[in-house]
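Below, subunit A partners subunit B and then partners subunit C, in two separate complexes.
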Partner chain A sequence: MSLWVDKYRPRSLGKLDYHEEQANMLKKLVQSGDFPHMLVYGPNGAGKRTRIMAVLRELYGHGVEKLRHEHQTFTTPSKKKLEISTIASNYHIEVNPSDAGIYDRVVIQDLIKTVAQTNQLESSSQREFKIVLIMEADRLTKDAQHALRRTMEKYMSTCRIILCANTTSKVIGAIRSRCLAVRVSSPTIEQIMIILTFVCKKEGLSLPNELAKRIAEYSQGNLRKALLACEACRVQQYPFSDDQEIPKADWEVYLKETSSLIVEEQSPNRLLQIRERLYELLVHCIPPEMIMKKLLQELMMNCDGTLKTGVIQAAARFEHRMQKGQKPIYHLEAFVAYFMAMYKKFLEDGMTADW
Partner chain B sequence: MCGPLMYAFLKGGVPPPKKPEKQTPQRKNIPWVEKYRPRSVNDIAYQDEVVAVLKSIVKNYDMPNLLFYGPPGTGKTSSILAMARQLYGAHYTSRILELNASDERGINVVREKVKLFARQTASSYLPDGNRCPPFKIVILDEADSMTNAAQAALRRTIESEAKTTRFCLICNYVSRIIEPLASRCAKFRFKSLSNDAMTDRLKSICKDENIKCSDEALETLRKVSEGDMRKSVTFLQSCARVCGEETIEKNTVLEVAGVIPDEVIKNFIDKCSKNSHFSLQTAVEKLEMNGYSASQLIYQLLDVILNNDNIDMKNKAKICEKIAEVDYRLIDGADEYLQLMDLGSVLLENLPNY
Partner chain C sequence: MLKKDKRVRKCGSFDTINNLRSSSQYERKKKLTTGGGFSDFSDFSSHSQPSIRKFRSANPDLETHTSKVIRRRNQKVVAECSWAEKNTPRHLADLAVHKKKVSSVQELLDWCFSSNLKTAPIIILSGPTGCGKTTTLLLLCKSMKIEVSTWEVPPNFNMEDNQIDRELDEYGRIEYGEKQMEIFSDFLFKSNEFQTLFRYSKESLLSGVKKINLVEDLLPVFFENLNEFHNVLREYKRCGTTPLVFIISDSSSSEWNMQKLFNPSTTGDLSIINISFNAIAPTILYKSLNRIANLEKSQDESLQLPDKRLIEDIIASNPGDIRCCINALQIAMVSDKGLNTKSTKEYVHSSKGRDSGLFLFHALGKILYAKREEIHIIKEVKEESEPPAELYRKPLKENPEEVFERVGLTADCFSSFLQQNYLDFYGDIYDIANTAEAFSVVDTMVSNWNTRSSLEGTIASYASRSIMFYNTKKRANYPTNSKKKLQPLKKPLFMTVRNQMGENKQNIERLFQSGYWKPLNIATELIPFIKNCNCCMCTMAQKSCISRSFSFRGNLVNKSLDQMEAVDMEVTDKIAYSKRSFEVKDQLPKTPDPPVNDPELKIEEFDSD
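Our next item is the complex of A and B:
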């Protein structure tokens, strides 16, 4: 049985439940025929992928939903073999080039060229172009982005590119100047509540308004998170109650405890203990920037107002270093150590002042 | 087959209306940036010095090696392609070799490809009997992303193939071309398009495409494109699609260009003037949920801060310094939320409290 997030994913532009105006705009775009390259961006779980798939369906009909999972092999200039998995239909191919790490340029170059040059679309589709969907485009190396520039122009007659990203900040200007940028913002609390209620109704459940509201707030605009949480609530207890606990993700609970441990004691020993916990999170593939962000939020709730600016600035500084550096653990740990020192000093100063 | 007269005779009546000519889909569906790419050097807007030189090449067949540089979307690639088209007419694709950053351009690849291309002799007549210059052209687009070693190797190649081949190097950053290579070329700088040049071109596209665009929208389009003609044409087409039959207004341009509405910026500043970290945090979360790009935000924020007379100089300086730092970190790939929090914490301390 599939999860609610998959079961109730709208498939067509007409069925999208929010940002209808944008959906209309996309529809016009498809109808106009001269479909541009697109850069779709927005926060996690805002519905970017759902929207893109709906556009594809509008362009090509049901055929795009017949998906094949494939493994493609690429050869780097140094003759190294890379295997990348792709998802494709007869009309489009989806790839996540960041799977190839620093060799992403090779993947993009080869893939787009092959797609653009082997143009054997069934004549029934009435489109002269195929779509290459590039996920996590904000994680493309600069090298790969530069390579995209002329490629996007050269193969335009047979191939359009849709880039999907969380932010445009990391996409170079030359690429942005070649795309129509489409911003997908998170649904509002009310919109999420409506969707949750709708899904529950389809499942034959009745969701109290108060609980819907609490789940929506907890999700912070991430619709996927909201749907998963709602389904977890259902597993935990039914009939629902207004004040039932929303099961949080394990790692969130774990991080909350971690931050309490930091505030409770500041010592080399405790730092060691925290390091173990950070490792634990990292081996479970929690992205390091997410850890930094959550830690900051938890610590801010637990420290004095005069310390807050310092904590924020430290988190921003260490996270930046983390992006430049090799091993996230160094920088996460440095942040914790920095916080401990600052916090301890604050407590000690407080005590001498009391004397 | 029967003509209208014959038809009338046989069937007794008017002939059915002639079927409309089938539109060539290719033509209709190419995006405007390609559709309106200048076809001849005369069509190139605003780059007068370059155009003068290219015209004389077209006339006298006397071409030095060229180096074009300048910001994106100012006509570099278009210029050389247009010139080649004028020199070689319909046969221009067989007389030019275009290599760019998306092609494999290691030292050997460039050398081999160029050699192979240069080896075929170039006669001074085209297959159709027309005269043309007795050389071919190698276009190295986006040359600034070639390695120094590959550039060095190119130096030799340029000299050894001089008899049959001319080179045109194109790049955004001339400083990334090694000196010995640059000194073998006549250099031309492409300027960002002026306001007038850009407006004229946009207007003429509007006319050809039969779309309506308010003056204010045109003005905004020009501003957000920052002298990049390609950007402005892409934006214009997107706006046209969004608006359909209706007149394009300023707001559509702003949305399509990803410009953040002034109220959002103002609201963020207000929240940061409350001297509360909690209010800062909710403000940043809201920005994040809306998906606004942090680099765009700081770009617009800087403007607002600089023009605000209620902030004194010393505080402004501190804010600006942080903006610069955040910008740099964002380019390195730092997390947007954390960077905006950092910036916000500095605003908190340096904005006058209300």
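Our next item is the complex of A and C:
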């Protein structure tokens, strides 16, 4: 089985569907011989990962596609053992240090050290450096980021680092200035539509333009989501029809229900119910930021224009605190409670005004 | 080395016998020792006070003997012997325990011996320290002519001895735990076989002796090898004949907690009967203290009778603990001789507010119910800085800072308990919004690790005070269980949710691993997609994982409180136990518990009889 997303993923820089100029630039960069540290950032599903892999392939050839999963053990200063899974080829190693929680500094340092200390086997025919690919770099702790800064300079001769992040705002300046920042922006709706039609054609299906557009709009610039939705449409109904329903992710539906529950009634009991639902979402590994964002979107659709600024402000405030805190439920609940209070006040004021 | 080992082993086996107070061999040995070198024994008695107390009450013949010897040896000791020991009730009538409680214990003992029980009953007497659990039992046994054989930790049964004694198993691990457990089970089973030489009467000799085994000293081993311990009990339940009684003090903070030793499942499994004692009511305490004071006065003329206020002070400073009260009375009266009364009063006051822990359940209740004084304080002068009327609250009955201090948890943990439960107490969504906002701040404060330790008190105070302050319209009818006045409290779900989250994350990483997918994307995009496609293209393992942990409706059922409870017990969550204790108590029949959260009510109930 292979998903369309994986099946039609461009493997080389030349085959990328959009941001061709950037691709050319990257190609030149690789051909120039030396290679800087890189910070690739952009929204979800824009193709950061695809570009990174393409660059790696450009650097090392097919060898990078022979991946192996490894489990590495690290020991923290407090003698705690951490097991981190990495994906590696002969030329690069990929790690997601946010798995290590607050011990990510140890992981980063140890990993880069071990990678940097082993030289390439045939440095004549290959590059003389290896690549350490750090995913979710924006979720690294400050501690780890500072450690990374030093390590980056120290092992420059044998090792390059590619950071992949959603946003640069949580990457410290010292690292940003040491990297070549590459922003991968989301594809436009037209670009997504083109890709969808292309993929469907390859699959031997004909995708109506209208549906393609609706899928693209639904995906909000997330190409991966668009392709998955398209494939789900295919599974549910073929031949396609224009007004076909796009299967939505269940957690999105769940959040939509939640938001209508919020609007329906504002009472302590209802809030308890909402809390349960929020917990449910968290258990399903839906990141709290996404819950907050989606919830806000849904609530915005349901509330009066005069309330909107206040709601957004509150969402921003609680989202900020959520980043600083550890228990997302506190903030999600506070946001819901705040909205409920605001909405109820609005309704009550409206009632008295009518009278 | 080998020789030394042997010696110690011998010692150990002697102790084993020592424990079997009733075994005839032991009694003979004891006589020998009392005749010859008694010093050993008196050392022992001074070493562990409680044990001699038990001893005396259990074997009245011996009691007089030993005390005589002590008196002969050391006059001074007798003069200053603790009144609490001296005035242990000799008759049921003197007992300061509630009569109903005494009769319920009596009934239970009757039941143990009357019916033809197939298995040995296991009984737990629990309650706060100094509420007369042991005394009640021993007095009852005396009056019912039941023999008591007490499990006692031998005096030289400490770790050092044990270290020499313990052996390495085949893997080189130390298995001292088994050793102690063996001794314990030895005690249990052998006490079935042996009988004491001290008989109360000839009849009992003919009619067969009624006997119970009493376990008061709990070894750490019981807690370390819970399974082993339960197996011993199970085995005993099966083949033992004598009723087994555990006496366990309630304690809020210590890990040696009844709930840890006997969790509900084992209680049900072994059909353990629990009678929980309440703290002794102030009126009864007052009577007893007066009686003791008069008694002592009649023996020693130099003592001064305490005035009423002093006794009341003593009772207030040691609520419900009769042993503590008598000790305080003794110190107050003895030190009164020759000294002026002022210092005594100071002593009594300084001992006030005994540093007692608070059960989490109580603590949460105090915060969540946020009881306020009913009296409205009328201010004569209106100050400039006075807050507006809507911010005015009546004075609180409980000081939240004090509550937090007594509960002995981290601010993080305490606030998460509060956060989990506060919604049930609020009646108004505006209030909730304010409180929720406060909790959001609390979380950011807690998460800042470098200031967390110094802000501990502030955080807890902020969390609890916001709950108390913002709750303007309390919920009139609590949602569940209207017949019970108490609102059931829940454990914070968040830890469980976090654990499950981690587990789910690991699962999807394992099952859906591929170079391009991050776990986050798998959860938010791939899995919904697969579900939308009716799982048509994934492996069985993936399918089962999705249906197990990624279906929204199914999981909600799993989240009922009971489920969580079970999960939480696995996690080393110390606090969870203390809260459980109340749930357990609530379920038990026979023990009319006063509403736990209401100190006034508690007193009323005692007074009514």
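Convention: the second predicted complex is superposed on the first by the 350 of 355 C-alpha atoms of A that agree within 3 Å, B and C clash if a C-alpha of one lies under 4 Å from a C-alpha of the other, contacts with A are read in each partner's own complex, and residues count from 1 in each chain.
Just so we're on the same page, a residue touches a chain if its C-beta (ideal position, glycine included) is under 8 Å from a C-beta of that chain, and two chains touch if they have at least 3 such contacts.
Since we're looking at a predicted model, the values are computed, not measured.
*Asks:* Identify whether subunit B and subunit C fit side by side or clash on subunit A in the overlaid structures.
*Replies:* Taken together on subunit A, subunit C would fit alongside subunit B, as the superposition shows.
*Asks:* After the superposition on chain A, what angle is formed at the C-alpha centre of subunit A by the C-alpha centres of subunit B and subunit C, rounded to the nearest 10 degrees?
*Replies:* 100
*Asks:* Once the structures are superposed on A, label A:Gly47 by its partner contacts, choosing first (subunit B), second (subunit C), both or neither.
*Replies:* Neither: A:Gly47 stays clear of subunit B and subunit C.
*Asks:* Looking at the overlay, what does A:Pro97 touch: subunit B (first), subunit C (second), both, or neither?
*Replies:* A:Pro97 sits against neither subunit B nor subunit C.
*Asks:* For A:Tyr254, using the defined touch cut-off, is the partner it touches subunit B, subunit C, both, or neither? Pick first, second, both or neither.
*Replies:* The second partner, subunit C, only.
*Asks:* Mind working out whether A:Asp6 is in touch with subunit B, subunit C, both or neither, as first, second, both or neither?
*Replies:* second
*Asks:* So, A:Asn269: does it touch subunit B (first), subunit C (second), both, or neither?
*Replies:* second
*Asks:* Tell me the contact category for A:Gln236 with respect to subunit B and subunit C: first, second, both or neither.
*Replies:* second
*Asks:* Looking at A:Gly325, would you say it contacts subunit B, subunit C, both, or neither? Reply first, second, both or neither.
*Replies:* A:Gly325: touches subunit C, not subunit B.
*Asks:* Minimum CA distance, subunit B versus subunit C, superposed model, integer angstrom?
*Replies:* 10
*Asks:* Mind sorting out which residues of subunit A both subunit B and subunit C touch, each in its own complex?
*Replies:* 324
*Asks:* In the complex, go through subunit A and note every residue touching subunit C.
*Replies:* 1, 3, 5-6, 9, 44-45, 49-50, 53, 67, 69, 85, 87, 94, 96, 135-136, 222, 224-225, 228-229, 231-232, 235-236, 247-252, 254, 266-269, 271-272, 275-276, 279-280, 282-287, 290, 318, 321, 324-327, 329-331, 333-334, 336-338, 340-342, 344-345
*Asks:* Mind listing the subunit C positions that touch subunit A in their complex?
*Replies:* Interface residues on subunit C, with respect to subunit A: 416, 419, 423-424, 426-430, 432-433, 435-437, 439-444, 446-448, 475, 479, 493-494, 497-498, 500-501, 504-505, 508-509, 513-516, 518-521, 523-526, 528-529, 531-534, 536-538, 549-550, 552, 555-556, 559.
*Asks:* What does subunit A use to touch subunit B in their complex?
*Replies:* 25, 28-29, 32-36, 41-43, 46, 77, 109, 128, 143, 146-151, 153-154, 156-157, 167-170, 173-174, 176-181, 183-186, 220-221, 289, 292-293, 296-297, 300, 305, 308-309, 312-313, 315-317, 319-320, 323-324
*Asks:* Per the contact definition, I'd like the list of subunit B residues that touch subunit A in the complex.
*Replies:* Residues of subunit B touching subunit A: 25-26, 28-34, 72-73, 77, 100-104, 106, 141-142, 145, 172, 228, 230-231, 234, 237-238, 241-242, 244, 256-258, 277, 281, 285, 288-296, 329-339, 341-342, 344-345, 348-349.
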